[in-house]
Amino acid sequence: MKLFLPLRFVIRASLALFASVLPGAAAELNLFGWSEYVPQTVIDGFTRESGIKVNFETYSSNEELISKLVAGVGRYDLVQPSDYAAELMIRQKLLAPLDRSKLGNLKNLSPDFVGRPPDPEGKFTVPYMSGTVGIVVNTDKVKVPVTSYRDVFQARFKNRIVVLNDNREIVTWALLSLGLPMNSITAENLKRARPVIAEWVKLVKVFDSDSPKTALLNGDVDLGVVWSGEAAILWNQNKKFQYVIPAEGTHQFIDMLAIPATAKNKNGAHQFMNYILRPEVSKLISAAFPYTNPNAAARQLLSAGELANPASYPKGGQFETFRDIGKMASDIDRLVTDLKSSK
Amino acid sequence: MTTATAPTAGDRRTPGWREWLLLAPMLAWLVTFVVVPSAILFVYSFCERDELGRVVFDFTGENYRRVFDPIYLRIFARSIGYAALTTGICIVAGFPVAYFIGRAKAAWRDRLLLLVMVPFWTSFLIRTYAWITILKQEGLLNALLRSLPLGIGPWDLLYTPTAVLIGLVYAYLPFMILPIYGSVEKLDGSLIEAAHDLGAGPLRVFSSVILPLTLPGIAAGTLLVFVPAIAMFAITDLMGGARVPLIGNVIQNQFLQARDWPFGAALGVVFMALFAVTYWALLRLGRRDEVLA
Amino acid sequence: MSSPAAPHFRLPSGLRLLDFCLGGWTVLVLVFFYLPIAVLVAYSFNASRLNVVWEGFTLVWYRDVWANAPLLQAARNSFVIACVTTVFSVVLGTLGAWLLHRYRFRAARGIETLAAIPMVMPEILMGISLLVFFATIGLPLGFSSVIIGHVTFSFPFVLVAVQARLLGLDPALEEAALDLGATPWQAFWLVIVPCLRPAIVAGALMAFTLSWDELIVTFFTASASSATLPIRVFGMAKVGLNPMLNALSTIFVIATAAFVVFSAYVRRLNR
């Protein structure tokens, strides 16, 4: 019967497929990282050199990483947590200590990124890329100076603003604008931030953590508070997009490489880390993602244009990073959800 | 044996062991992969959480108390509103299409059905991004409006509730068209002809013959559109600028940013209860008219 | 062989206008469906990487898609998963619908409700609950876990489609077959299944489409080697619209159109 022909084909195809999926003899590295954060050229280069096949699985938030890691069914050799997620994972003993003897290229790191919390001794993590969160302004459309969070959230910019769709970020900016320390997320501080945020959300047109540059490029918004990497790409596209570090302060984020305690191929993971720390490899990453490169040796290889990008390498020194806030994450979510939905 | 021209609901045999054996795979599947995971979630909804967001087996009713907080009730109401509006538009827009395809010539029926389905074999995300290209301020829609000398100003549609509705209708219309098509295709033409012969005008034919007979299809379509539309979050994020959180966004958040799995599970359980209510209501609507037919 | 059910009625000439309006409306709706498709196809030839303004005609994105091994691997994975899912869904759904329809099971209503749950359960709930379940029973994530998830939310669609058709089926057919000496199993295969063919096909199409485009449940149940196309596309799209994705989608539109034309041709040959 006609029904059977496709059936036979499918069964044969699926058998072939299942066979191809069985663990191969060659060494493999399971990399679990941010979508599009590790350029394919880097992965291919590593495989060519070491012969290790890299299986790149992706997530788009730290919490996705944590939930899959703690569920325990994934087999990951290398993960890419952000600073506060790494802190959480270290505390929960989810990470394996690094063997620094295998990481000769650690010396390439800039001293700014050594000795930072949550892993001051670098026992579990290696910095991958860093950045800040700040204000980007389309100077063709916005003619007044915008230098602080309060400048952004003015009534005149109503419906022309894009911000990150990250409740903790929004709360942080509110706290900073009130002069409060950004990592002290307490019920008291949240209460003080509440009216500020209530006003702000009414003025925002788009909440987007993935690609806020799209709204700016489309001309749907004129300014916003975004990741520095996004602002850097905008600046490369057109110098009219200016990046400004807010006067009230901002935070820095450091994305790191780490090895889960349950990793099978710890050797391969170390090899990959060391490979990433090479200046010429790190340069490739910077070319694809113009964030702040923590690799001093790599920075020497960057072009003048890349180094001059005010979003990639802002003046203004070091900023604090996020610390883990544990259960307060839920309170933040509730606060911002409430304010967003009560318009 | 009776030679019935219309199918009767009777005549069902009692199952023997062979029939139970044949039913076993589906039953086993349902129990293993639907009941058990749902039960897990149900248990979770009564748990506390640790700082990772995982569950700690200290039981509490706190999560359910939070569900009935005005914040979340408001969000539920808004989500239901959007879903109801989407369903209504889908029924009104989709019924004529399903009717047309259902009574078209056999060769055309398959072709039209495929025409309806093919767009949905491209990625949902890409299609949504294409809509953004159309609806944005410097987008194609406004470019078209500007080129026409009708004086209709540029429409600021993107990132508004209207855009979200367009996205929702676009995503769910086929799920309404297909079940209604199924009902229409089974329509006995002689009944309609008889109604015409008896002197009924087209409106009467529709309300007294066509509508009741296609009600099962509409009911099925409503179930397939209404309930999932309530939980949809991707469209609000992409086309609505994530400005107004719907219940799907909130549930999503609990498992991610907010790190509160038990609360997410509780919201999910309430949502499933909502589904159960809708299902029973639609079941009565659908079944009642089958007995009459 | 079309179903032995109703002959299609012919409209009295006075209602030709209605017929015309319905046809026109259908065309409008189809235009609505294809508008974003046309846009994404057009932009797949756009030379601008950021996909905002038209900068010139190019085929470079198609070349990039072809060179992107993970993307092609993901497409292959998606295709196989969707096919296997469809087969399982059709078997489970058709068998289940038939048994529930023909035989008087006490728990029939309950089973039908259970079967309806996956159709409407929010994907993140299904994804998380399956992840936790697999973790509990120790099943490593991979193709099997993804397929299990996909079949779970797909087969109810086949069930519903087949059930709807069964309700309009004349029981005299099966009676006649049995009277002529067929076993219940033969009656099922040789008489009922051909009558159900349109519903099975419709259900299979739904199952395939759902599995092909599914993201969230797949995310929670997949591993690196079983990543599907939506997962890869989602990751790429997150960092900004990449015309490579447009090129990929265009390839699929052309491929499905070709498949449709081909199968219609095959069907015509078999007449």
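When the chains are written out, they are named A, B and C in that same order, and each has its own residue count from 1.
FYI, a contact is a pair of C-beta atoms (placed from the backbone, for glycine too) under 8 Å apart; a residue touches a chain by one contact, two chains touch by 3 or more.
The structure displayed is predicted, hence computed values, not measured ones.
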- prompt: What's the overlap between the neighbours of subunit A and those of subunit B?
  reply: C
- prompt: Of all chain pairs, which one counts the most C-beta contacts?
  reply: B-C
Between subunit C and subunit A, distance of the C-alpha-averaged centres to the nearest whole Å: 35
- request: Could you please state the distance in Å, as a whole number, between where the Cα atoms of subunit B are centred and where those of subunit C are centred?
  value: 15
Message: Multi-chain contacts only, two chains or more: what residues does subunit A have there?
response: 64, 67, 214, 218
Task: Would you give the residues of subunit C that are in contact with at least 2 other chains, written as numbers and ranges?
output: 52, 128, 132, 234, 237, 241
- request: Enumerate the residues of subunit B that touch no fewer than two other chains.
  value: 138, 255
- line: Listed in rising order, the residues of subunit A that touch subunit C in the complex are 2, 7, 10-11, 13-14, 17-18, 21, 30-32, 35-36, 40, 55-60, 64, 67-68, 71-75, 210-211, 213-214, 217-218, 233, 237
Task: Using the touch rule from the top, collect the residues of subunit B that touch subunit C in their complex.
output: 1, 3-5, 7-8, 11-15, 19, 22-23, 25-27, 29-30, 33-38, 40-41, 93-94, 96-97, 99-101, 103, 105-106, 110-131, 133-134, 138, 140, 170, 173, 178-179, 182-183, 185-190, 192-193, 196, 202, 216-217, 220, 223-224, 227-228, 231, 248, 251-252, 255, 261, 264-265, 268, 271-272, 275-276, 279, 290
Task: Flag every residue of subunit A that touches subunit B in the complex, lowest number first.
output: 61, 63-64, 66-67, 70, 88, 92, 165-168, 201, 204-208, 214-215, 218-220, 324, 326-327, 329-330, 332-334, 337-338, 340-343
- request: Mind listing the subunit C positions that touch subunit B in their complex?
  value: 2, 5-9, 12, 15, 18, 21-23, 25-26, 29-30, 32-37, 39-40, 43, 51-52, 91-93, 95-96, 99-105, 111, 113-126, 128-130, 132-133, 136, 148-149, 151-152, 155, 160-161, 164-165, 167-172, 175, 179, 198-199, 202, 205-206, 209, 212-213, 215, 229-230, 233-234, 237, 241, 245-246, 248-249, 252-253, 256-257, 260, 264
- line: subunit B residues touching subunit A in their complex are 49, 51-54, 71, 74-75, 78, 132, 136-139, 158-159, 237, 241-245, 250, 253-260, 263
